[in-house]
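Right after this note come the structures.
Across the two complexes that follow, chain A remains constant while its partner is chain B and subsequently chain C.
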Partner chain A sequence: MAFILSFAALIPLDSLGHYIHWGWVEISVANFIIIVLMIATFIAAITAPFPGRRRRKENR
Partner chain B sequence: MSSSEIDRQWTTRLRRRVEGKLPPEKLLPDTQPNYVSSWIYVFGVATMSALFVVIATGCILALRGPQWWHGSAYGHFINSLHLWSVEIFFFSMVVHLWGKFAMAAWRGGRTLTWMTGVITFLASVATAFTGYVSQSNFDSQWISTQAKDGINATGAGAYFNVLNLGQMLMWHIVLLPLAAVVLTALHIVLVRIKGVVPPFEENPVVENAEVTQ
Partner chain C sequence: MTKKAFNPDVDAPKWKGGYHPYDIVKEGSIAIAVILVLTLVLAILFGSPDEKAITIKTWSNAAPLDFANTTLEELNGTSTTAAYGAPYNTASTGQQLGPLQLAKWVGVRIPVNAAKDFVISPLKSLPDQPALDHQLAVWSAASTSTKNSWLTSYGKAKVKFVNGQVVANTTTAGPVPVMINQLTQMARSGALDQALVTGHGFYTTDYTKPLLFLADSEYLAGLADHQHLTGDQWGMMNETGNYPGQSWLWLYTFWYQIPPFKTSANADVLVWGLMMVLSAVLLLVPFIPGLRSVPRKLKLYRLIWREHYQETE
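Up next, the complex of A and B:
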């Protein structure tokens, strides 16, 4: 329980949320982080080598 | 019964159609083309697995009820598993759909696969929203009172009343999950019928092009 409480203390839940304002764009920091993580995951998914993939060199 | 009579039975005709379109070796294939060995293909299955956990934890929440999920440590735990599997579900669904968009995976008669995906996405968003107003806490009260004016302004409020907890809960735990699961099943059967879309050709053959060498 103490561990869970100390972990929860890392994220202040009793304060106002943080927002990014950029011209007419307004987005919460949490949502912004999620979008950045999705873009990073997408780039990793199309670039990272897939284990066990057979490279067929004879074709090119 | 004569064999022509048997041929005309709807059960016989349906079975033959299903067998023709989706033989067992197509439904559960042993191998896939080489280009499928990429991480981007993992995200459809990741979405499906997350959906499985969402439904399983949702069933446990339904069995025990709000007093339990708000008032006990085990209840909080299952409630959190439900929330976080939803987060993973949407996260992987978005990466999945970006991947399919980049591949133009609706090519070669796969329009229905793409469209069932689109509708599943919309049904999932609606499921999440009705979930937020079904929490039965101050958060859900706040969200529903904020949402009501916008929805009433569209006229939909007469049929879809976000302040009606009973109605929202029914949408969240019966109608929308049923739609999401049935659509997902259809989506995956369509992928199996059509096979994985081949990549764009490196040197596409231009029809009627003149040979200049």
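Up next, the complex of A and C:
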């Protein structure tokens, strides 16, 4: 049993979910966080400089 | 022979600038390594949803009266399964898209006779039950109108769960009270779960019947509602507990929240049809004039490749 418990999640998310209500729109907090993270990743992917850019400029 | 005119949406201009070496295998390997580390770390931190399976035994022990009521609905043909139509039976037309009776065209591919498969046959499989066998024989010999009269009487009676038994306050329901009580006992012992999955070949992995029976209950609907999993709660994109769900299904579930889909009996096929049209539009973007020009006119690519455009302009 202890062996199994040692593989249990450190932060289990099994408790009843939290939801955001906005008029007839309903979204879970977990989904909202994921969507915000995806948008942030998308913006970062567009705006962050390409790796190796400085090195290429120095070599020029 | 005239030269074909340059179309900025379809044709790419000849590249006249310089070239840089780029190791895409290295980038792919790094991406896979990052995903692997993220997966392991997130799995250790949060695990995954682990809701205990709901069986008919669980249901009938937690809500025996709901089980008894659902059994009555299976017998009188008013349960969701009994009245569904194709692919289970011919009780209704099923989902249709305007004049197209799609469900009916598919036909009865998974035959389910709710009364026989969920109630009568499991009860007949119980060994050493002479009193029950007698009541089942009475049921089988009765005419449809007599059966309906018994079921109506049971439906009107006050039903209680007393000392582990489902008791109905009626004397005009024929064998129905005994049948429903016996099936409830069978369900509470776990025998009904087994009876509904056996008889489908060597491997007993066909859970269609117990799942349909369970889905007819108020009990399962209540649990789904509690976990925000029903259609009117954007449930298609939700997961149990606090776990993130299928957020990419937002558009699919969105249609169920607005008219006419919200109130239509054919919402499933209407939403499916609309999503097929939208998917086709997305798939055919390169061939749709105007729409295919949006990326070029939006100029997002200039932001991504801003270093290049700063150097060349």
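Throughout what follows, the second predicted complex is superposed on the first by the 38 of 60 C-alpha atoms of A that agree within 3 Å, B and C clash if a C-alpha of one lies under 4 Å from a C-alpha of the other, contacts with A are read in each partner's own complex, and residues count from 1 in each chain.
FYI, contacts are C-beta pairs under 8 Å (C-beta built on N, C-alpha and C of every residue); 3 or more make two chains touch, one makes a residue touch a chain.
Bear in mind that the values here come from a model prediction, so they are computed numbers and not experimental data.
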item	value
Which superposed partner A:46 touches (first chain B, second chain C, both, neither)	both
Touching partner for A:34 - first (chain B), second (chain C), both, neither	both
Contacts of A:16 with chain B and chain C, given as first, second, both or neither	second
Greater residue coverage of chain A in the superposed arrangement, chain B or chain C	C
Shared chain A contacts, counted only where both chain B and chain C touch the same residue	34, 46, 50, 53, 56
Footprint of chain A on chain C - complex, ascending	20, 43-51, 226-228, 233-234, 237-245, 247, 257-258, 300, 303-304, 307
Chain A partner contacts - residues on chain B that touch it in the complex	34, 37-40, 42-43, 91, 94-95, 98-99, 102
Touching residues (chain side chain A, partner chain B) in the complex	34, 37-38, 41-42, 44-46, 48, 50, 52-54, 56
Residue ranges of chain A in contact with chain C within the complex	8-19, 24-31, 33-35, 46-47, 49-50, 53, 56
